[in-house]
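Scrolling down, you'll hit the structures one after another.
Each of the next two complexes has chain A plus one other chain: chain B in the first, chain C in the second.
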Partner chain A sequence: MNHDPFHWGRPSTKTYGEYNYLISNASNVDRSVKSNSEFPKMHTQQPMITGTSVIAIKYKDGIIMAADHMGSYGSLMKLEDLKRIIQVGDDAVVGISGDISDFQYLERLLDDLQIEDAYDMDQEHLKANHLSEYLTRVMYNRRTKMNPLWNAIIVAGFDDKDEPYLKHIDLLGVSYTSPTLATGFGNHLAIPLLRKKVETEDDVKKLSKEDAIQTIKDCMKVLFYRDARSWNKYSLCVIEKSTKSISLEHEVQVENMKWDFAQHITGYGVPQL
Partner chain B sequence: MFRNNYDNDATTFSPTGRIFQIEYAVEAIKQGSAAVGLVSKNHVVLAALKRNAEELGSYQKKIIRVDNHMGVALAGLAPDARILSNYLRQQAMSSQMVFNRPLNIQKAVNSIADKAQTNTQSAGGRPYGVGLLIAGFDESGPHLFEFLPSGSALEYVATAIGARSQAAKTFFERKFEEFPDASKEQLIEYALTALRDTLAQDKELTSANTTVAVVGKDDAFTVYDDEEVEQWLSLLDTLSNNRSTGADNDDEDDDEDDEQNDQPTEASESTSAAMEVDA
Partner chain C sequence: MQKVIPTTEYANEVRNEPIEHRFNPYSDNGGTILGIAGEDFAVLAGDTRQTTGYSINSRYEPKVFNVGDNLLLSANGFAGDANQLVKVFENKLKWYHFNHNKNLKTSSAARLIQHMLYGKRFFPYYVHTILAGLDDEGKGCIYSFDPVGSYEREQCRAGGAAASLIMPFLDNQVNFKNQMDPNSNGKKPKEIRYLKLEEVIQLVRDAFSSATERHIEVGDGLEILIVTKDGVRTEYYPLKRD
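Coming up: the complex of A and B.
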């Protein structure tokens, strides 16, 4: 096997002839345009700096959620102290993966929303279900303009009946709920592990807080092992109904890792023995 | 004739610190027929007296539903009320659409109060010529607000606006301690009794001229008109005003008030009297 990634996936020259590099270098930008004013408006075609998975699980007394601290620029680790779970008001947290500039835009939007909502009001009343509806509308509105915010969002918190509330919203403005939720790679790597603990709403009642936290920690470990755009420091959020509290802890470390298998790995860029 | 130099627009103070255009706008409310409202622990009731321009004409709508959880009763210029209630409907729909939650009553009232206040700071326009009673039920319970063209919006346990509304207020002031624990039916009876007190001589409440609305914890905002209002009218022993037959006809507010009375001093007296009630 040729381990040079530059040659991966190319049709073999023997069979198909020399590769035409005009194809990979093709641009959707009209190069004949010279001045900025003539340049057509271009929307986001792909995310730039990205955050990877956010994962969440319901347990009998609330919700546990986690997301790591990394911002990747392609395969480059651009940021390592990025906190992607933010608290919005007293009753909700929002975990955001995907494009980081769009994440920062959403962060500002939610800040403004809190100010607007608290304006000349006696008490705050922006609950998690109101927030998820708002974000769904924002995401759908932007996709309708053919200029989506390139994120997947998990909203967790308390709804207007003070019950635990969990929702996933994607860049198309589609939202859904489930006792276990994940974005990005977490959908492939964490969801199967989370569902081993909680398959249906009935299982939620059987899962203790300690068990739920441990499950999320294990998932963050597996994600760090196998998702090459993940990091070993993460934010951990614990939502508890009995105390009506939301605690958000940052800089949590992935623990009890085993890397001794690594020395036996060959190939994948490591010189063949 | 007396000529006032300080009432050409809503932006000029008189030397005594008053803005006459706003006071005249508040006067316009008194030209309209009465609307009353009161609150219990679980319900808000509005009741209003409808007028028809001609014997064969239809009655002017007095209560407008805004959303499932709120509505308004009006006194004064009905077209202005339409503008305001349509605005409230938009706000209510937008709240449902964007946040999936019913519009907060205090927020709704503040939003139209801000609109009214804007009109008191610009020349070339006029203040709204309508007063509203806003009834609603939200996450913090039942609420009754009074909206005035001055931009003031105050919450009440019971109040009334429109022609001879002082009679209804007097009734409320006598009975208000019984309102919190009153049932929905009792509350409607109080509202209709208060409304009856505002009737002119030889007029009476009929199913044609009375309109009632209720909103509460488990009751969506419902307006009762025509044959539907008969069930509530039957709660009253008599449908005509006691005073029209009897003694206490010396009530100051009773003399077909304010119709031609745009003398500023008089006007301010009646407004400040109304203000004292909520203090």
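Coming up: the complex of A and C.
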């Protein structure tokens, strides 16, 4: 038996000759390609550093979206200045939750896409609906290879008819749209609050920008209260159709919190009164 | 002093080997579809709710598509695979036009879909697929497929989450199963006949409002696509949103 740590348990080459890796597909490493590592190829099976919810709501003149600035490593707050909403071209923003290394990989893909789009062109062509289609295909392809990008993505912006456009894409390559969208914990905490404001597509036409921003701010507050992996600093994105503008503000603080109940809490490691 | 750990039925479980987590490439996105063929038309209907688990992703995410050439296509089950199937089909149809410069027959489309599904026999598209169109004689036709491509032409078929709720109703109301000729004193089965479009629409609406009552993954809206020799028409009816 071979006692080399990388070949442990395999029949020894000296006695049995070179091992045939093609038998029963014994290894998922392509042996025809001489790789540096003898170690089996590994896929993301669980996210490492993660970002929590991204939330978004449609209002009569566009979309509001928000995501906080934290990257957590399990229960450790690993990153506290992580901007998870990125602008792609002039007409779209992308908010990404889930694994941060995969987020950064997607960031690079989108960067390449922008360079490709801008090259030799007098104007940008990349719209939000193109972007969401591209990302859906990327996510579906990776899930089909059993090597998913561990993210949930919300794409917001303007489509090719310059209408507000909103889409959610997950790690399985499933995509959908709705007047209110949220990823992760926000799906349980924020969505009911957001849907209270816009139950139907008709309610979207009645919701003002100020009201929509306030609703999103309230949701970020509730998420900070109840989602243990969230933070009180976040990015806020306002997409406005009438001015055809996308403004992305970072370092927004959660406001008007009430913590006076906290002094009455006993237990949980606090000395008993 | 030793700590007393309350023993529940769960706490008694002892695992010696590590739990292996494996990525599951599938999910179930709920929803139901239904196709009925008439003498000179076919309808393909689907609810517009999309779910994962107990969450409603969207109240309006259409899943019945007019893919061109007077063909209606819907795949129901895992939405990722469903959209991929429809996209690949649309692309193949486009290339068929480039190569042959004629419309694809419904029967040929059905055979094409069989090959697309069976081509992924060992990593299947997790969907129940229904194709609706008109046959060579201009009669309405419905083709239904299982996830790996087994298919047959039928008069009607329900697919997806509430298929088992709707299908027996269809057997009775479209194919007149367990119905007798009222004049035969229960001796002769009721003779089958083509249903009129108005009757079919009413049946579809009844089927979906009942499925909405009994199945949590069905609801929000009903989109019915109707194909005739003059083209495709869409009707929308709201369903309960609870």
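Here is the rule we go by: the second predicted complex is superposed on the first by the 228 of 273 C-alpha atoms of A that agree within 3 Å, B and C clash if a C-alpha of one lies under 4 Å from a C-alpha of the other, contacts with A are read in each partner's own complex, and residues count from 1 in each chain.
Simple rule for what comes next: a residue touches a chain if its C-beta (ideal position, glycine included) is under 8 Å from a C-beta of that chain, and two chains touch if they have at least 3 such contacts.
On a predicted model such as this, the values are computed, not experimentally measured, just so you know.
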Chain A residues touched - chain C or chain B, whichever exceeds: C
Touching partner for A:Gln45 - first (chain B), second (chain C), both, neither: second
Partner chain in contact with A:Pro148 - chain B first, chain C second, else both or neither: second
First, second, both or neither for A:Val174, with chain B first and chain C second: second
Partner chain(s) touched by A:His130 [first = chain B, second = chain C, both, neither]: first
First, second, both or neither for A:Gly89, with chain B first and chain C second: neither
Chain B versus chain C as contact partner of A:Asp120, first or second or both or neither: first
Chain B versus chain C as contact partner of A:Glu201, first or second or both or neither: second
First, second, both or neither for A:Tyr140, with chain B first and chain C second: second
Chain C contact footprint on chain A (complex, rising order): 43, 45-46, 136, 140, 143-144, 146, 148, 168, 172-178, 187-188, 191, 200-201
Chain A partner contacts - residues on chain C that touch it in the complex: 21-23, 25-27, 29, 50, 52, 55, 57-61, 78-80, 83-84, 123
Chain A-touching residues of chain B, taken from the complex the two chains share: 97-101, 104, 106-107, 110, 139-140
Touching residues on chain A, where the partner in the complex is chain B: 120-123, 125-127, 129-130, 133-134, 137, 160
